[in-house]
Amino acid sequence: MLADTLLNVIVLIAGPVIIAFLGAIFGLLYLGVDRKLVAHMQGRIGPPIVQPFRDVDKLMVKESIIPDSAIAWLFKATPILCLVGSISLLLYIPLFGQNAMLTGFGDAIVVMYLLTIPSLALVVAGFSSSSPYATVGAQREMVMMMSYEFPLAMSIVVIAWRIGLVTNLNPFMLSTMAAYPIWGLVGPLGIVGLLILVFSMLIVTPGELGKIPFDVAEAETELAGGLLVEYSGRNLALFYISNAIKSFAVVSLVVAIFFPYNLSPILGITATVPAVILDVLFFLLKVFVIMFICVIVVRAAVARFKIDQASKFYLLIMSAVSLVGFVFILLDVII
Amino acid sequence: MGLKSFKRALWVYHLNTGSCNGCDIEILAALTPRYDLERFGIVLVGSPRHADVLLVTGPVTNQMAPRLKRIYDQVPEPKMVLVIGNCGVEGLVFHESYNLSGPVDQIIPVDVYVPGCPTRPEAIIEGVLKAWLKLEKPVKEKVT
Amino acid sequence: MSEVLTKTSFTIPVGPIHPAVHEPVRLDLTIDGEEILDVDIIAGQVHRGIEWLGMNRNNAIQSIYLAERICGICSASHPFSFVQACERAANIEVPKRAEYIRTIVAEIERIHSHLLWAGVAAHEIGFDSVFYLVWRVREEIMDLTEYITGHRNTKAMYMIGGVRRDIVEEQFPRIRQSLDYYRSIFCQLKTVFLDDRTIKLRTRNVGILTKENALKYSVAGPTVRASGVPKDVRQDQAYGAYADLDIKAITPDIVTGTVVGDVYDRIIVRLLEVKQSIDIIDRCLEDMPAGEITSEPKLVKLLSTLKKAEGEGVGRCEAPRGECFHYVRMNAGEETLANWKVRAPTYANLMPIPSMLKGGQIADVPISFASIDPCISCTNRAIVVDISNGRKFSLENEDLHKLSIMKTRRLEENLVS
Amino acid sequence: MNLLSPEEIVESFKSSLGKDLVDSTIYRQEIASKANLFTSISIVVNREAFRDAINHICKLQEDPHFIVISSSDRGDNVELIYHMSIYYGLHLKEISLLLTVMLPKTDLRIPTITDILPGTIFAERETQEMMGVEVTGIPDNRRLFLPDDFPAGVYPWRNDEAGLKPEMTRVLPGRQGMKHE
């Protein structure tokens, strides 16, 4: 009895720590892969894959300067807030083919709210720096946040609605989405609609992650490093890690919604250990594929948008696209 | 942690204090495919706060001198300063003027001098390497 | 409404230490949200008064090397103009072969400069892949420059009365090899820069310089040609081997049929000029006359000629960024130049900047500003060399210097922090 | 546009300015193999007729190309040369113009021409700060290249007592031993 409670407590404490740790490691690893591949696409050799670890390692040793003009406590608090936001995001998303750490406590709506926390932390960081570049960067980040929210919400809600037609479970739970993979529920028209929704999610992802072409908030040439212009040392490292974790989490979210399949049931492997290993590897592969399509290729192939172009793109075009996806799925249900 | 911290993870901030662009384009050239400094983990960053190494070119005009000083202060410790090009090292053809406060080592402490007019990318890479070695030393001492 | 605007607008300094401006110049932008209300250019960040430097290097030949270091990228254009001015002042005739060699070096510089610009411009709009691509391609011209002149950037080819080094028949195949390389990739470059959707999106109708404004401000180089004015010193006035060639100024309507005068048009002009330069070098290699490469190989003798010379002369040449102008006056008996005035192309091209930026967005500032290919070092550095009677200066005024630092610090406190 | 020969241009100046045209020279140089001509015309005018001369150039070609103002200290006078060119845009037809005005040091003033050619503003600001010539009616009176804290009344291009004081310049350390004495 006591042992059980103790175990629960240990799991509750150790679990998030382990997940945060794994999230950070894989996030940084994917960042390294990203940099390496982009370099290759640009005709360069590029840094080794472990480079992000080295960067973080180095930043930890550096002095953390707090500028005189900054609001000190806010300036110091935002990196932690950003990291905590990213980690709690991880806890709600199914990772490595397993259920999410906090399954049952929150659903896709919670995830959508949590998604904004790191961005909000960045915005506050930008404003607290009191540098004109950071302020403009913060304004841009806010505009971006508002712009990509609709297509994102649209995709999640439509899928949850569709799943809700076939089950009594809460369709917004990511575990429900995993239990009822959406692709099996719809007819040909629905497949078309889903493809459209997948497309819009893939386009939202680089915006969510602040990558080219939607890295307007941090546009190096326009805003001298953007939001984080005043950050250095450990504080910068925390942002660096949370960014890596967030990338990992967002891509995992796409995987969880659209591709919740595991290999082990399909191949009929029942033994726990091989099944888990297989699922973990398959999950990492899925994450890599999504990351490759929506971050790496796009980054190597296009220029940065202007803020109004990026915002219009999301607000008008991507919203319209996701609506079209919705209509297809709706038609599929009606017919 | 720490021992190998600076190995292969140098972030570089470049400051032009009145140079003729010759060295500046060679610094850029060192980042591009033929020389590709990023394979050693060296990246050009947009803010001095993110930097480990300050690359300074030019003989420092009066107007740029206080800025150079301030940018130097903004770089978090531990840091290295590299002077790229002869005019930053000792003035070169610009060695007498009413509007110069240079060379660079008159304003801020300099760790590595890379002469040349303009410096070749190979020389810049070697200079950054020297800065590495120097940067490693105090870190090692601090850790052990 | 305007009251509201003034309340919400604030000034964002771009430069002098700002990644968007690779050179130290300050643009004070008054912005409202993302829109630019007003622009003020503050130059002089790297002004260092070459006139006093000239006091030490006090003869015309030494000044060539000073001219060469006005700008590391235009290290052929400035000496080219300068030697022309000196030759006219001292009535020195230039061998025809030297004119051809000068032209070849100047055109190599143009190819280099335009490629460099294309890379920087791509970087400004956050298109780093293209930046790396172009700079990889650029290394070929760097190799060629090194092969011909012995250095990647500083060319040191020009001498009053001719050139320092010959380009001999054995070197032609290597030069042609480079030209062929650029011919072979030209279509690729054209596709990347003229057909890419994002580049078009970021550059079309951005930073428009109207023909009217271009004429009003006497703008020079690709910037003015992109606004539809066929101004090109190579075409307009006889100098170098260009006088023998039939050069035609390139305007964007050759490709698109219309002239908008935006950044995109400037890309077109520069891109086509790369092609033009390849052709010019080819023609020069074919037509290069035999003969001497300098009118007076002995420098001491040349110096004494220059010392005796009395007169004035202007030298104009079309640098990659526009017209580069030098004016020289020599007094007999003085080793030094009596007057030397330099006007770099950016000097003229900076003036229309406010009209190009106003009403645009901050995001457009880097690319619009970069699109004139600003060379602040040229503009600021060499104002004039006015050599007087050889006064000597050895005292240092640290007090003045300190005062200057204090004041500047006070003034600049809020600029870059 | 009716292209005039250099001689006709000088004639047109004579008839337009009368005795205010002090001097004029035509310079020609044969260039390269085909011996095409480089042409420049030097015109010296009185200050009183300076604006008329500029207006006259504008009649020769609308929107003449303005290059820069060069100025030199010639003892009791300051010489300003307005470098311009006309007939651009046509193959080898361009003619460089050097419009010279002598100003006595006792009265260093020249009217602005920014209303005729707006592109002269930088050059006029530069002439003001570097040579100490007052450009009357200049719309932007600030300095261009020199810092704001540069002492007033000191003009780097002047050779007389208004020029740079010896103590204002310094040789960079490391090069002091190499100074010419």
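Each chain gets a letter, A, B, C and D, in the order it is written, and its residues are counted from 1.
Here is the rule we go by: a contact is a pair of C-beta atoms (placed from the backbone, for glycine too) under 8 Å apart; a residue touches a chain by one contact, two chains touch by 3 or more.
The structure displayed is predicted, hence computed values, not measured ones.
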Work out per-chain C-alpha centres and flag the one nearest the whole-protein C-alpha centre.
C
What's the farthest chain from subunit D if centres are computed as the mean of the Cα atoms?
A
So using the touch definition from the top, which pair is joined by more C-beta contacts, B-C or A-B?
B-C
If you average the Cα atoms of subunit A and of subunit D to get two centres, how far apart are those centres in Å?
63
Distance between the centres, which are taken as Cα means, of subunit C and subunit B, whole angstrom:
26
Which whole number of Å gives the spacing of the CA centres of subunit A and subunit B?
36
CA centre of subunit A versus CA centre of subunit C: separation in Å?
46
Numbers and ranges of subunit D residues touching at least 2 other chains
147, 156, 164, 168-171, 179
Where in subunit A do residues touch two or more other chains at once?
42-44, 220-221, 224-225
Touching two or more other chains, which residues of subunit C qualify?
19, 44, 47, 49, 52, 56, 132, 136, 393, 401, 404, 408, 417
In their complex, what parts of subunit A are in touch with subunit C?
38, 41-44, 67, 69, 131-133, 136, 139, 212-213, 215-216, 219-225, 300-309
Footprint of subunit A on subunit C - complex, ascending
10-13, 18-20, 33-34, 122-130, 132-133, 136, 196, 198-199, 201-202, 361-366, 417
Spell out the part of subunit B that touches subunit C in their complex, as residue ranges.
15-26, 28-29, 32-34, 46, 58-59, 61-67, 70-71, 87, 92-101, 117-118, 120
Within their complex, subunit C touches subunit D through residues 43-44, 47, 49, 51-52, 56, 88, 96, 99-100, 215-219, 229-231, 233, 235-241, 243-244, 246-249, 287, 289, 312, 314, 316, 323, 325, 327, 329, 338-339, 341, 343, 347-348, 350-351, 380, 383-384, 386, 388-389, 391-397, 400-401, 403-404, 407-408, 411
What part of subunit C is in contact with subunit B in the complex they form?
16-17, 19, 22-24, 44-50, 52-53, 55-57, 65-66, 69-73, 75, 116, 119, 131-132, 135-136, 138-139, 142, 152-154, 375, 377, 381, 393, 401, 404-405, 408-409, 412, 416-417
